[in-house]
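Same chain, two partners: chain A is paired with chain B first, then with chain C.
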Partner chain A sequence: MSTAKAMTSTYKYIMLLLGLLVFIGPLLWLLSTMLKTQDQTYVFPPKLLPNPLTFSSFSRLFETMSLMPRWIMNSFAVSIINGLGTILTSSLIAFGFARTRSRLRSVLFIIVLATLMIPSQVTLIPMYILFSKIGWYDTWLPLTIPVFLANPYFIFLFRQFFMTLPRELDEATYVDGGNYWTIYSKVILPLSGPIIISGFIFAFVFTWTDYFSPLIFIQSEKLQMMSVGLQLIMGKNSQDLPMMAAGSFLALVPIAVIYFTAQKYFVDGVVMSGIK
Partner chain B sequence: MMIRLSSRGKIGFIMLCILALFVTACGSNKGNAPSSGAESSSGTTASNDPASIKAKVTFMQWGTQEEVNQTKELLKKFNEKYPNIKVEVSSKDWETYWTAITAQAASGTLPDIYKMDEAYLDKYAKLGAMKDLTSLMSEHSFDVDAFEPSVLHKLQQSGKQYALPRDANTIVVFYNKKLFADEKTNPRGAPVPTSEMSWDEFIQIAKQMTLDKKGRTAADSDFDKSSTSQWGLVMDAAGSADSVLESQLWSNGARLVNDDQSFAMNSPEGLEVLNKFRSFIVDDHVVPSSSQVKSISPDPFLSLATGKVAISFGGSWNTSEYKVANIDFEAILPPKFKEEKTVVQVSGYGMNPKTNNEEAAWILLNWLTGSEGQIALAEQGQSIPANKQAVDTYLAIQDGYNKQVFIDSQKYVIPVPFFDGKENLLWDIIPQMLSNPLSGKGDIQQAVKDIGASYGK
Partner chain C sequence: MQVTNKWKEDRAFLLFIAPWIVGFLCFFVGPAMASLLYSFADYNAITKPIWIGIDNYTHLISDQVYLKSLRNTLYFVFIGVPVTVGFQIVLSLLLNVEIPGIRVFRTLYYLPYLVPPVATVIIWIILFGSGDSVVNSLIVLFGGSNVDWMGTEGLIKPVIISIGMWSSGGAVLIFLAGLKGIPRSLYEAARIDGSGPIRTFFNITLPMLTPTILFTVVMQVIYYFQMFTEAMLLSKGGPNYASQTYMMNTYQVSFRDLNFGYAMAQSWVLFLLILVITIVLLKSSQRWVYYEGSEKGGSNS
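Let's look at the complex of A and B:
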């Protein structure tokens, strides 16, 4: 029996190791490319270990793209705004769907979910025209307001989590003279740490990695985001792969830091919302 | 694990943070952001002197940050002459540039001047996103003689000039001088290729320059095709249909499409070209198959940079990469079937038909494509200026290879304007449907039939 258990355990570890290799491969390649000189990236067959090893891609990145620090700060600002906005509005709407007793609740929820199925490319031109007409073009408003006014994906995520919290808590609050706002702010939110953190991380990462919206809605260089700025490294007919890898690495760092710092809550939030 | 966020103060703090960030963000927008295209383009003229015009012109291009920096350098020179015209530059990458142009055309927020590629001119001219410049050109006596007629023609639609040429990149052949000079990499002492060779002469050289791991050449009977370590020639005819295949079809008297836009590659001359190219891969083993090319370099034109390729088709823009890769190279005109034919890819500048500041926009356009702007562009050494008055400046910059070839190739340009739908044929249908048959997997004649059916004209 113990041999069988050991075998299963070994098998699991082998599978995990293989999985790890699959996922870590591109990351290793990114790190390797980032530390190469540009001429090493043309070598055939390609070599994993950089020789000589250099950090010149980073200096080249900031020399060529003088606005890069600003773009990084812009991405941070918009991602934080959207992360906080998501917590605030999506949780409030999700609370309504999870806790109120309206007949229209299910129908409205289906309508909200149905909007998830419309690809953003379909609404691009109308959105673009709308934002241009109301003077939002070339500002951060198209990047923040739609997310700030709640997103169906996060409404769904929060609702699923709120459904797992016992209703008896609401009833007890009613007995004590509380109303919906009291239940939301003093009962539900304090118990929703994991999903609040997960929601923030998701919204942060979605915004941080969003390429399409800033590309279309932002024109001025100074207002641009890092995701779009990175694309300016690769031209139609030219490539500086180490510089691209260095830029990608910088884009990766905040996500990695946030994820590893809040990993525990993040997993709890996703598991408890039933999304996993 | 749960966190307690129960105090009202904490919620209030979060809301305050959001508000503060939001106000900061919106506030900074107003401070830094230029206003949208319509608002930005208001110009005032103090007198009839163009230098006194005060205006802000919006300008958009595709390309890397480095290219944006080069444009800004160029515009500094423009501002020396026109100090009161402020040009605001923005840039997108090639792929999404066209999405942005479409969206901006639909919403009326196109920049005053924007870069245009010959491949998309027809489409955007038909969409009404480009101003017909013909009358402006005659009104301001624009010097059309400074351009090759074929170059100007590429930016016309129905005889009207919708953009003025900026640069004319050409596709030529490059070879690695070091590989030819070294006995180890050239054991048979093959001569270097020269311009306008016949394909038979050319492929004989390529055979001698294709080596297996034991150093035997493709011209030797015991050559091991499964262990090629050095390729004689890299040419992805299917993947480079616009830059290699079409001109070679012309070279043999065939066409990709007729003047009425109908499909024409299924002629005997067309099939002869395709069968010849297939034999280089399947019978002679001197050209890698489509999948092998991709493993050497994602961009076939950059395969020469690996140092494992003796000869390769390449664009004039690839030379900077070859230099970075420390390749000692030379440029020659491509080989021919019957006649020498080449491809020149022209990009230019178009004008927003709804610009509020046509006068300043024209001044910028005229400067960028006129002798002053084109000489400034030539001095940067990155692009081949389209204006003939700047050619001497471009050639005067010594780069260690024969740049005259780029200029000479303009004499043999195939006069094939792009039209809406042709880009799909060149960039999607042919690469997808011809790569395998050219590599020996599938019937060429059937593939050509299928390509014609998919093209639908």
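Let's look at the complex of A and C:
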């Protein structure tokens, strides 16, 4: 009996390790490529461990792409702005949907959910035309303002969380003479630490990884984001695999750091959005 | 609270959601209306629009590149979605075991989901590139010969789908939560009845998972309908338009050809397609999604 159990558990580990090869293998290969010389990437059979190990890909990256540090800073700036903006507006909007007793709530919430289903691309071209006309084109405004004013995903996420907080809290504050603003700022927000962190992280990651919006709304290379910067590296020298790998690594590091330090909030946020 | 005036409630509500109302009108209703209007015009965003009626829409039927991009996108939706979701279910079953170290596995399996799409494309170029790329070298080591993954019409779409499968992490998390929600008593009852693992999977796990499956399928349908970055950067739509996706085609029609009116007509057709498929999915779900107890169940629509 116990040998059979040990067998199935060994079998499970083998399956899990095989899967791990598929999911982590490509990332390990990225690291390995980044530390190779260009010649080493064409060696057959390919070797996982670079020999000699070199960081020259990074110096080539910063030489050919002098704007690289700038793109990284830009991506950080816009991602942080979107993170903060999102938790501010989404918490307010979601509070309205979760805690007030207006008759309009359900109708408007259906509209919020409907916009969640509609691809942003339908409105993208007219937004491009609109932003060109009002002078927002080639600024960061199109990358930030629409994200935190009208992102249904975050409204949904915050509302889901607020619904789990007991209503008696509101009643108690109300009896003590507080209004909705007091309930929002003094009762709900202090209890919303986890969702605020999840919301910030998600908005940060979405903005950091977004390729489409900066591609369309930003023209000046100086204002560009890391994601489009990466594409420019690909265009510059697509034969230099170590340099492209080094660029990908830089784009990946901030996200990986956030993930490994705040993993719980990642998981809770994803699960919260998927389950009623 | 019961004595509160109804209008006062409405006013408070509207004040709280004011940012959304502004955003919804400026960045959604306005642009959507404009796009509907301009889809009936020849418009390049520089000179005045020329109204041409439904010409943009009728032109779609004879636009070979457009039709090819539509077929490619439908391939992604009807083949990519089932393959990806099936893969995600298998993965979540694999990760849904309680053995030491399983948390580390879950953490690492999730990681690819967070890799920025452009970086993923670069990884795929390193793995599947022409000549002595990693995958090709492995094939050669095992006695095969080099495959031109990006340059073969029949292979490029599966390669792109493999990217979607690699980034399964988010959906797997949702499936894992769904699996956790299945009452243990059901499994015990099945065990007592002498049901084997395969029958238990089809009679208990799969039906109990259907609400999660519906949610994931809708999400994947939207993902594959909007496929852009991967196709654009991995293979530039080639070879011979085999990976030209709908979104990519519309992007080129607008920003390369400056044919905005035509592009907006395409956007509206895409919207209608997504709408129809979503409605069909949700309607059909009443037949295949199992909701425990009350009708509210775990629906996510």
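Methods note: the second predicted complex is superposed on the first by the 235 of 276 C-alpha atoms of A that agree within 3 Å, B and C clash if a C-alpha of one lies under 4 Å from a C-alpha of the other, contacts with A are read in each partner's own complex, and residues count from 1 in each chain.
Everything that follows uses one rule, which is that contacts are C-beta pairs under 8 Å (C-beta built on N, C-alpha and C of every residue); 3 or more make two chains touch, one makes a residue touch a chain.
Here the structure is a predicted model, which means the values were calculated and not measured.
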item: Joint occupancy of chain A by chain B and chain C, clash or fit; value: clash
item: Chain B versus chain C as contact partner of A:L252, first or second or both or neither; value: second
item: Partner chain in contact with A:F44 - chain B first, chain C second, else both or neither; value: both
item: Which superposed partner A:T64 touches (first chain B, second chain C, both, neither); value: first
item: Which of chain B and chain C A:I87 touches, first, second, both or neither; value: first
item: Partner chain in contact with A:L16 - chain B first, chain C second, else both or neither; value: second
item: Touching partner for A:I129 - first (chain B), second (chain C), both, neither; value: both
item: Touched partner set for A:Q231, first chain B, second chain C, both or neither; value: both
item: Which superposed partner A:I216 touches (first chain B, second chain C, both, neither); value: both
item: Which partner, chain B or chain C, touches more chain A residues; value: C
item: 39-47, 291-299 or 309-317: stretch of chain B that collides with chain C; value: 291-299
item: Footprint overlap on chain A, where chain B in one structure and chain C in the other make contact; value: 42-44, 124-125, 128-129, 132, 148, 216, 228, 231, 234, 238
item: Contacting residues of chain A [partner chain C, same complex]; value: 9, 12-13, 15-16, 19-20, 22-24, 26-27, 29-30, 33, 41-46, 89, 92-93, 95-97, 100-105, 108, 111-112, 115, 117-119, 121-130, 132, 145-146, 148-151, 155, 170-171, 174, 179-180, 184, 205, 208-209, 211-212, 216, 226-228, 230-231, 234, 238, 241, 244-245, 247-248, 251-252, 255-256, 259-260, 263, 266-267, 270-271, 274-276
item: Complex interface listing, chain A residues touching chain B; value: 38-39, 42-44, 64-65, 77-78, 80-81, 84-85, 87-88, 124-125, 128-129, 132-133, 135, 137-141, 144, 148, 185-186, 189-194, 196-197, 215-216, 219-223, 228-229, 231-239, 264-265, 268
item: Parts of chain B lying in touch with chain A, wherever the complex brings them together; value: 1-6, 8, 11, 14-15, 17-18, 21-22, 24-26, 29-30, 32-37, 58, 60, 62-69, 88-94, 96, 99-100, 102-104, 106-109, 296-297, 299, 302-303, 305-308, 315, 317-318, 320-321, 324-326
item: In the complex with chain A, residue positions of chain C that touch it; value: 1, 4, 6, 9-10, 12-17, 19-20, 22-24, 26-28, 30-32, 34-35, 38, 45, 91, 94-95, 97, 99, 102, 105, 107-112, 114-119, 121-123, 125-127, 129, 131-132, 134, 137, 140-141, 166, 170, 173-174, 177-178, 181, 212, 215, 218, 222, 225-226, 228-229, 233, 247, 250, 254-255, 260, 263-264, 267-268, 270-271, 274-275, 278, 298-300
